[in-house]
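These notes open a run of structures that come right after.
Both of the next two complexes hold chain A, though its partner changes from chain B to chain C.
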Partner chain A sequence: MLTLDNLDKVYRTGTFGTSDLHAVRQVSLDVQRGEVVSLIGESGSGKSTIGKMVLHLLDSSGGTMTFDGRDVTKLGFRARREYYRKVQGVFQDPFSSFNPIYKVDRTFETLRRSYFPRVTGSEWRSRLDDALAAVTLEPDDILGKFPHQLSGGQLQRLLIARALLLDIELLVADEIISMLDASTRIDVLNLLGELKGRGLGILFVTHDLSLGNYVSDRVVILYKGRVVERGETSAVFDDPLHPYTRDLLASVPHLDRTWDEVEAEEAERTQRLAGRCLYHEAITAQGRSLGEEADAADGVPDGVGLVEYAPGHFVGCFRKAAEEKCPAAT
Partner chain B sequence: MALAVNDLKVWYRTRRGDVKALDGVTFEVADGEIMGIAGESGCGKTTLGKALIRLDTRMKHVGGTVVLDDDELPLADDAAMRRHRYREVSLIPQYAMSAMNPTRKIGRMIRDLLSAHNVRYTEVLPELERRLKLVGLETDVLGRYPIELSGGMKQRVVLVLSTLLNPSLLIGDEVTSALDVSSQKAVARALVEFRDHGFVKSMIVITHDISVLFQVADTILVMYAGHLAEKAPAKTIISDPLHPYTKMLIGALPKVGDRYEEQQLEGIEGRPPSLLEPPAGCRFRDRCPLAHDKCAEAPPFREVSEGHHVACWAVS
Partner chain C sequence: MTATQPTAAPGTEAGEQPAVTGPAVSGGRKAQGDVRETLYFALRNPKVLIGLVVVLGFLLLGLLGPLFLRHAPMDYAGPPMAPPSADFPFGTTTFGQDVFAQFVAGLRSTFLVGLLGGGVAAVIGMTIGFVAGYRGGLIDELLNMLTNVVLVIPGFVVLIIINAYLGVRSVPMQALYIGIFTWPWVARAVRSQTLSLRSRDFIDLARLSGVGVGTILRREVAPNMYSYLFMTFVLLFGGSILTAASLDFIGLGPTNAMSLGLMMNQAVQWSALHLGLWWWFIPPGLGITLIVGSLYIMNVGLDEVFNPKLREM
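Then we have the complex of A and B:
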């Protein structure tokens, strides 16, 4: 449904915009209907930038973005409005997504004014009730209240309900649970799982691996703007290949194993993959030599390219940052 | 034992009445123990941490005592507490790393802090440098500005500077939150190392992230709405919790490997009660599946097996 092809983002930084920050480097990924794709990475990995480009809150600097086969890389005002009927986003801080002076109903009223001016009051009300029911909220508990009277989890679900009113096909969920308490987090995650079952595609941006793992079908691991590994969730989590993915998985605080135990378990894999680069091994096996792969692999330089290690499990060159040298290069 | 808190009550004065944020908590922290405090926002965990160091103008010490190394802390007396602060009890408040003075170099900031406590910077400098190296920082961070350091580096600087005078008790409030998992691991490990080296005798680590506590803490104390719910060794809290709230809280945390399709986890219905007029009895009653008439009376926080305390009538 949504396909990103070699998407690039360069920020101008410095006092007079003199230096460039390459925040997203030729990222390719796709999200299908009824599927949750997690973008996982630490701060500065470019995961939120990708989410914002999909939502057209930021312009991309290169590459293309298509939605159901239509090119949506650049959209005019009118086209963007149509696009938002199908694609919506929910963000990290539910409290700052609402205007504290107004009751939460206003969020829905503004939506109605801009997108459904011809819908009658009673028809609108029943749609609203349906949307609230879909996110397991009671209209009487919610409507007519101010944002501070509701919990973070309730507000976050309200924002999802707002997105559902538009009959969207893709939801960009950017760290939507990191500010919620543990007891309500899981409700929002379960809601995403249920929406997925009803055919919604979800791009789930997160830094928390256990949460990313819980709902997602596929994961994309980002480091410094580049995709280092991607594939089926279970494939990536059970057999992490890239050094960064392995570091990340070894740093997650588990509830049943201590860090030392995890490190001991991973020692064998670490040993086996030390000083190697599966990307360049695959390139060499294809009969191409270092430096030639850019032409062969559709012009994607080896710094950001991926090879299919196992069916559906892709991994990039084992260097960490794009500027570093590949560990296998001597 | 290092710390003994007995029936401590600290309320917030507001125009609408007193908010009973900390309403009668009793627990002990042994020498060398790292105790984690977990709970939802608004459960009183931060208030507890702050109460042990300084009551701000809105906070009121209503009752109870705090004894540290056989010395009672004069909680309500701001001036008298000054003698204990930093030297005996040290606090890393929430967002400490963002609160560094951006116009001062790190070394200068530490010098100011030490002179406020009548300690010479040059005297402790060798130890300061040794400890910075121990947490994996170069000594030249002292000549840098906070903006030049990453979040994880700043948090480690904060940890070193707050324990320079070897306090008996260190309270770390959300010290590993807002960090990437790799920095989180480095900071959490530094906490344990500081205890092992004896730089601090005991520690209270406050966080909403129970999986971090499982990695660093010896014991975990679970709080709910200003009351204590359960305290037990970290492993026991995770594998054999007794209090219904702890059970539901642990049950709501997905482990790496849990999948929505295979097994759906459940959250906890409802919200904690308002602490302005909290209901009598057990405060978890409204959300508890096991609640019965007896729960109208507050359950005592009693020891059910060695080192395992629970406040629930349903636990025998």
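Then we have the complex of A and C:
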């Protein structure tokens, strides 16, 4: 449904915009209907930037974005309005997502004024009730209150209800769990699962591996703006290949295993993959030499491409930062 | 006031909620409810009430006063240098002019200068501030440059030159010139506020609702700054009055009208201070102080009204 192809984001920084900051490098991924795709990465990995570009809150600097086959890389004001009927977002901080001086109802009212000016009051009220019921909120507890009178979980579910009023197809959930209490997290997570069941595609941006594991069908691991590994959640989590993914997974405590077991397993895997780079091995296996991959991977420059290691499990060059050398080349 | 009870006010019992959710979801009536609620809290705030009463009192006096006067401000109506009496409540000047008549006429031009001068400066400054802060980039750079250029022009000196150059000086022209030279700090302040508000998620959410720039500025950004914008206007209003009074006082006031500053100018010129004619210069001075002071007090109160977090606890 949504396909990103070699998406780039470059910020100009420094005096007079003399230096560039590559926030997102050549990111390709896709989200299908009825599927949760997690974008996982640490701060500064570019995951939120990708989410904002999908929502057209930021312009992309290169690459293309298509939605249902239509090119949506650049949209004018009107086209963007139509795009927002299908694609909506929920952000990290629920308290900053509402204008603090107005009651929460106004968020819905804005939507109505913008998209449903002809819907009558009672008709709108029943739609609102339906949307609120879908996120398990009682209209009477919520409407007519100020944002600071509600909990983060309630606000976050309100925002999802807002997206549902539009009958959307893709939801960009940008760290929507991170600022919630542990007790309300699971409600929102389960809600996402339910929306997925209804056929919604969800792009779930998170830095939390366990959340990514819990809800998503596929994961995309980002590091410094580039995709280092992506694939089916089970494939990536059971057999992490890229050094960064392995580091990440090794640093998460498991309920069912002791620390020693985890470390032993990771040590064994490190042993097996030390000094290797599956990406470049695959490139070489295809009869091409290092440095030629730019032609091979449709013009994707050095080492930001991915190879399919196992069906549905892609991995990039094993170096971490862009300026590092590939471990296999040394 | 039965219907205006703010059942939707923060901190009310959940049991009262259904009463308000009805109107709350339908557009036009909801906006009306907001206004009504703001008024409800405004009229219960002592600071707002005191400020409002004083300012409105002076305004009414300026508007209605002339209807009941027997003498024109410049008429030689009575005995010279008479202290306040029943016939002349504020006494008379060295020439026997009615100080009260002058005061009432001066109030009119004072409010006119404040309103026009403050209004012109507020409109220019806020427009430039909002657009520069929200759009950013090249537009921001250009508008900022313009702001800085006007900011470093010594406004008061230019005003003196303009006023000295003009043969016939009227109150509206004076207000216009004052407005044109006092907006830069407003633009800078509004710009920085807009910059900080722009990065908040609810602005992004409004954009996701397919709303245009103008609407976002008007409906999402500006309301968060209402009390600030009002304070800005108050400062501009007061500032215009004070600037006009200063110009009047040094003899560059309107040539075809009376103003409070002009009264003080004349009082000083004719040595009212040495002759002990306190009724000549106290009323205009006190008038200016009370009007500007009340506006300040009102602003503090309005901050509590506009910000539900401040008024709730």
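Keep this in mind: the second predicted complex is superposed on the first by the 320 of 330 C-alpha atoms of A that agree within 3 Å, B and C clash if a C-alpha of one lies under 4 Å from a C-alpha of the other, contacts with A are read in each partner's own complex, and residues count from 1 in each chain.
Keep this in mind: a contact is a pair of C-beta atoms (placed from the backbone, for glycine too) under 8 Å apart; a residue touches a chain by one contact, two chains touch by 3 or more.
Predicted model, so just to flag it, every value in this text is computed and none were measured.
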Legend entry - Simultaneous placement of chain C and chain B on chain A, clash or fit: fit
Inset, instruction - Please work out whether A:136 is in contact with chain B alone, chain C alone, both, or neither, and reply first, second, both or neither. - result: neither
Inset, instruction - Would you sort A:189 into first (chain B), second (chain C), both or neither based on which partner it touches? - result: first
Legend entry - Contacts of A:112 with chain B and chain C, given as first, second, both or neither: second
Inset, instruction - Give one of first, second, both or neither to describe whether A:13 is in contact with chain B, with chain C, with both, or with none. - result: neither
Legend entry - Greater residue coverage of chain A in the superposed arrangement, chain B or chain C: C
Inset, instruction - For A:151, select first, second, both or neither according to whether it touches chain B, chain C, the two together, or no partner. - result: first
Inset, instruction - State whether A:256 touches chain B only (first), chain C only (second), both chains, or neither. - result: first
Legend entry - Touching partner for A:125 - first (chain B), second (chain C), both, neither: second
Inset, instruction - State whether A:100 touches chain B only (first), chain C only (second), both chains, or neither. - result: second
Legend entry - Shortest CA-CA distance between chain B and chain C [superposed frame, angstrom]: 7
Inset, instruction - Residue by residue on chain A, keep only those touching chain B in one complex and chain C in the other, then list them. - result: none
Legend entry - Contact footprint of chain B on chain A as seen in their complex: 42-43, 151, 153, 181-187, 189-190, 193, 207, 209-211, 213-215, 233-234, 237, 247-249, 251-256, 258-259
Legend entry - Contact set on chain A toward chain C in their complex: 52, 55, 57, 77, 80-81, 84, 88-89, 91-93, 96-103, 105-115, 121, 124-125, 128, 139-141, 143-146, 148-149, 159
Inset, instruction - State the interface residues of chain C toward chain A in the complex, per the touch definition above. - result: 8, 10-11, 14, 17-18, 20-21, 24-27, 30, 34, 200-202, 204-212, 219-220, 223-224, 306-309
Inset, instruction - Name, in rising order, each residue of chain B that touches chain A in their complex. - result: 40-41, 151, 180-182, 184-185, 188-189, 208-212, 214-215, 238, 248-250, 252-261, 264-268, 271
